[in-house]
Amino acid sequence: MNNLKLTGRKPGDLGSVIDVCGVRVGEEFVVIAGPCSVESEEQTLRTAVAVKAAGAKMLRGGAFKPRTSPYAFQGLGLKGLKILDKAKRETGLPIVTEVVDTRDVSWVGEYADLLQIGARNMQNFSLLREAGKSGKPILLKRGMYSTLEEWLNCAEYILAEGNASVILCERGIRTFETFTRNTLDLSMIPAVHAESHLPIMVDPSHGTGIKYMIEPMSLAAIAAGADGLEIEVHIDPPSALSDKDQQLRPEEFAAMMRRLDDLRDFMGERLEAEAEAIRKGDAISTPAPRSDMASSAAAKDVATQTDTDVNASAHADATRSIASRDPFADAMD
Amino acid sequence: MNNLKLTGRKPGDLGSVIDVCGVRVGEEFVVIAGPCSVESEEQTLRTAVAVKAAGAKMLRGGAFKPRTSPYAFQGLGLKGLKILDKAKRETGLPIVTEVVDTRDVSWVGEYADLLQIGARNMQNFSLLREAGKSGKPILLKRGMYSTLEEWLNCAEYILAEGNASVILCERGIRTFETFTRNTLDLSMIPAVHAESHLPIMVDPSHGTGIKYMIEPMSLAAIAAGADGLEIEVHIDPPSALSDKDQQLRPEEFAAMMRRLDDLRDFMGERLEAEAEAIRKGDAISTPAPRSDMASSAAAKDVATQTDTDVNASAHADATRSIASRDPFADAMD
Amino acid sequence: MNNLKLTGRKPGDLGSVIDVCGVRVGEEFVVIAGPCSVESEEQTLRTAVAVKAAGAKMLRGGAFKPRTSPYAFQGLGLKGLKILDKAKRETGLPIVTEVVDTRDVSWVGEYADLLQIGARNMQNFSLLREAGKSGKPILLKRGMYSTLEEWLNCAEYILAEGNASVILCERGIRTFETFTRNTLDLSMIPAVHAESHLPIMVDPSHGTGIKYMIEPMSLAAIAAGADGLEIEVHIDPPSALSDKDQQLRPEEFAAMMRRLDDLRDFMGERLEAEAEAIRKGDAISTPAPRSDMASSAAAKDVATQTDTDVNASAHADATRSIASRDPFADAMD
Amino acid sequence: MNNLKLTGRKPGDLGSVIDVCGVRVGEEFVVIAGPCSVESEEQTLRTAVAVKAAGAKMLRGGAFKPRTSPYAFQGLGLKGLKILDKAKRETGLPIVTEVVDTRDVSWVGEYADLLQIGARNMQNFSLLREAGKSGKPILLKRGMYSTLEEWLNCAEYILAEGNASVILCERGIRTFETFTRNTLDLSMIPAVHAESHLPIMVDPSHGTGIKYMIEPMSLAAIAAGADGLEIEVHIDPPSALSDKDQQLRPEEFAAMMRRLDDLRDFMGERLEAEAEAIRKGDAISTPAPRSDMASSAAAKDVATQTDTDVNASAHADATRSIASRDPFADAMD
């Protein structure tokens, strides 16, 4: 992966932290939640309040929906963005919404705090360049047919425009298996951490398309070291205008979040203890690349970064990342 | 495939004919040829003259190249379009070129006679809508990850905007096989003819990525009933700025075209004889759906077309197509 | 593909001819036809008589059926083999039937003239070795998940046991596309001809799983240079115990065979003319690798074959094949 | 999945427990470890001692290796089995080894405690039947191209012979992604638990083919509710005769096992607490299907099973499984 001048991980690179209205992806674990589509003010606001109460740190909601058929619900457009804006004012949650057209990047960017580029547009290079020029944080989903190399090159398109705020999101790839909607490829978590300094989130809703799989796959993503999750929540899934089968009810989401938090806490403590042992010289061997859950803990003492990157400030705010995430650290141990 | 109101084939529908500056795709067999990218005036003009001499009916050439890496050659843009325009004036060949951005559709459409939407943008629904509004004939390539159903729904996006001039192009799908660049899925030829009235072309250059496979796969596409081919030709492939390994030299293309023409002639004559036998009542059984090579032959007696195009009568001008292409004809035999 | 000591094509290698009871695959074009499963004596004999009349050169029929579910019809076993034997005595057609167990190779081999190893057993290496030891001609189908390299290595297992009589058969691979049962990969025809001296047949019945696609895909396979076809024919498809949707009726098969024969004749004549032109020095350029349809024609003047088969001279008897099939011939032109 | 008479999960079914020499898969979490291939007595014994010390409960080692090329190392055969036998006598670890030929099932079964059927033989139905007749516990790996439905049907072949002791093992499927050796499909963990009562293990070694991914994918598998892991360990990976790149050194394995154990303990405690809360009526809602880590804990009090299953005793020893694993439990909450 030679061409990844800005996206690639070089020896010594720490993981980047992407700041979205104060939510620091790559440093803190972040759950983005909300409906597949913004359908009405009531539906969106009630969902926003509920997911915030359950611990979500950002609100997602689609105003422009890429749909297989031109006759399917296409989203509320500007009206949807205004509803999201209201939800932000009421809950304080930053807004994550998809942009699907180069012409919309600037004005949709006025409503969105984190602009999502969806799987079907991953290789819409014009859109990637506009996203780069916008300077907004970008959530770049993996195309359902795209290799890791292609995906990271798409991030490179954005970074090459001077925008270092890119978060990757694995959302399942298309395979022969039809039991699940897509095949969620969790191996991309360690792969991205090894090849790039960008944070990686996981979308188990689209990744499986099956409600009962969202919790186990979310737990798995946490255990594998994901930096966050994007999960679809709807106040009344059976009435949803899109993706009925994979949206959680607010109470299901809340119950799941408690279990996710427990696992997060456990993994954070465990890695903090390991970092402590390393500092004291108790540890005989440090493991090969692993999850970066101890970021806020271990990293504070271990790493001090002096940012001299070529790229504007591609890693500027990456100061909090952990040594343990660095696959090159191996040699040192 | 219930939602294909305009793209779907209904019992009795004949195949549509798409007119591109007098070249009638669906009625006559059409080879589009030219370089992957427009690189210079000399390269483009020399190629244009050569492919015309060999029998190509349209000139292809990319001015905007979707490339995996942002650091790869991205095309000459407007300069490239002007070179194509010059090539058109010199050879009379209609121009086929890709558009990759909604903002470019109108002005690129002033240079292009057939606007190509590439595999990576197949589900760029905003671009599909703009392509629909433009009223220009569209060459819609199959996404490397897309099912027949998704592909036809993308055509539906264009037709739903009132633009019935869509030509489909199979260019290979992504599978586990890495020997070939893609897996060229020729079964889409009879599949498209059964499910839709739109014509289908085949791109064996991208479909295989291997020079020595272009001829056998082109012959196969003709035998299976394709309405045309899109083939990359470059005056000096080793120096090409993209796709070096799959571009033919003009003399290779010319030699191949002679063999393609022979096969086309043979299949046309054979089907004409069959059509004649049917008219005379000599034929005991008529086959199930098969290639539509007899179009120009058999069809002449069957129907006369008055071209009045445009949406409301998406199929209106399809009257020149052949009964033998109609999968519903079965029942009558 | 370095390890293909016996299966690989070396510069100068001609295509191998595999003799099955006098039917010479690789030299003459061979259609194998018959029911998916042997279900009864009447069904099998009537089908055998019909496919012979239509021009098939071998009779296929499954006595041991690999089925997804243990509760599906598993084949008649020995009883089925005896029915096939009777069909052979009545029609003279060599028998093609599948073997699925190492323990059965020798006794099934007493009934079969061409032992088929199915897609699901392609990498059953024990079975491949037994097939090699048996000395019987083997029809090795491509696994639905296997690369060209793996497939040729499986042939190598057989050749490495001293059995050079292997015919490859492309039958479709598994992809995300569900419209067709499998994705028939016709690019394997030129690929196998380039990488190996073994002949390659195509099975459009399993390759598409859709009746109306069998003819166009058969024509395409011929045009791309396949050495033969394997096609499922049943006297009453709706009553078939397996693969109802993809078996042709005898009259459909006969009608199709006439069109396949026409195309075969045409391509043979055309290549014979080209060979003649080359001999006379009229031809300016010889094409890159292409179909080997002229084998019986062009080859007659080129070489004379004495059949002395068996391993040590895996390629020894391949002398009848055509120069035009040789991808290395390029350099000479 | 209608045909899964014995393998399918019916409402009320508890998860099966498969007893392998006292190791109870489905009840306790089980790590199988050992070299890809048995290469020598020293290599095997040293590995066996090391993996036992690190907490592995069974020893794996291949004596018959299915290899792509016939010229690659094929395993030591009987000699390898005798080495495994010695390792078992020295360590007490039950032996897991692959069988690849119907003729070998009975005698290999004398050395193996858990017979492995590999991915390439998943649909070798003759071998499945012999495995069923053997009565030995079977570890059935998922074919690299097989759907959940096909996989469970292969288990059904074994159960239909009266052998209910089947453990499934996800080992990655083949997709377009080449960065990893296979795409490890962890969604099969909740899927198998929902559709079947059989336990499911995960093989991250073959599933990723990359050393640094084994730990994060193992942690993820645990978090998603896997019943165990199969991991390749070699005393000197660079000298291994197969799969060099994915085998862990004993000390790497031991370090990883400590982290796996911690996660296992945490998840067990958490679920035990949840089960306790349910018993006390404290819990307002019980989650949808989730990991079954609390099996030994929660299940003891919650479930008492009276086995009256139709199928011989397909579930006979499933008495220890947990309510929380039952996807049908949802309705009750």
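As written, the chain order gives the labels A, B, C and D, with residue 1 at the start of each chain.
FYI, contacts are C-beta pairs under 8 Å (C-beta built on N, C-alpha and C of every residue); 3 or more make two chains touch, one makes a residue touch a chain.
The shown structure was predicted, so the numbers you read here are calculated from the model rather than taken from an experiment.
Between subunit B and subunit D, the least number of touch steps comes to 1.
Taking C-D and A-D together, the pair of chains sharing more C-beta contacts is A-D.
Although subunit A and subunit B carry the same sequence, what matters here is overlap: shared residue numbers make up over half of all numbers found at their interface. We define each chain's centre as the mean of its Cα atoms; on that basis subunit A and subunit D are separated by 31 Å.
One finds 39 Å separating the Cα centroids of subunit C and subunit D.
Residues of subunit C in contact with two or more other chains: 145, 149, 174-176, 178. Those residues of subunit A whose C-beta lies close enough to touch subunit C in the complex are 174-176, 178. In the complex of the two chains, the subunit D residues touching subunit A come out as 145, 147-149, 173, 175-180, 183-187, 189-191, 194, 207-208, 210-213, 215-217, 219-225, 251-252, 255-256, 259, 262-263, 266-267, 270, 285, 287-291, 327, 330. Residues 3, 5, 66-72, 100-103, 120-121, 123-127, 143-145, 149-150, 153, 156-157, 160, 174 of subunit C touch subunit D in their complex.
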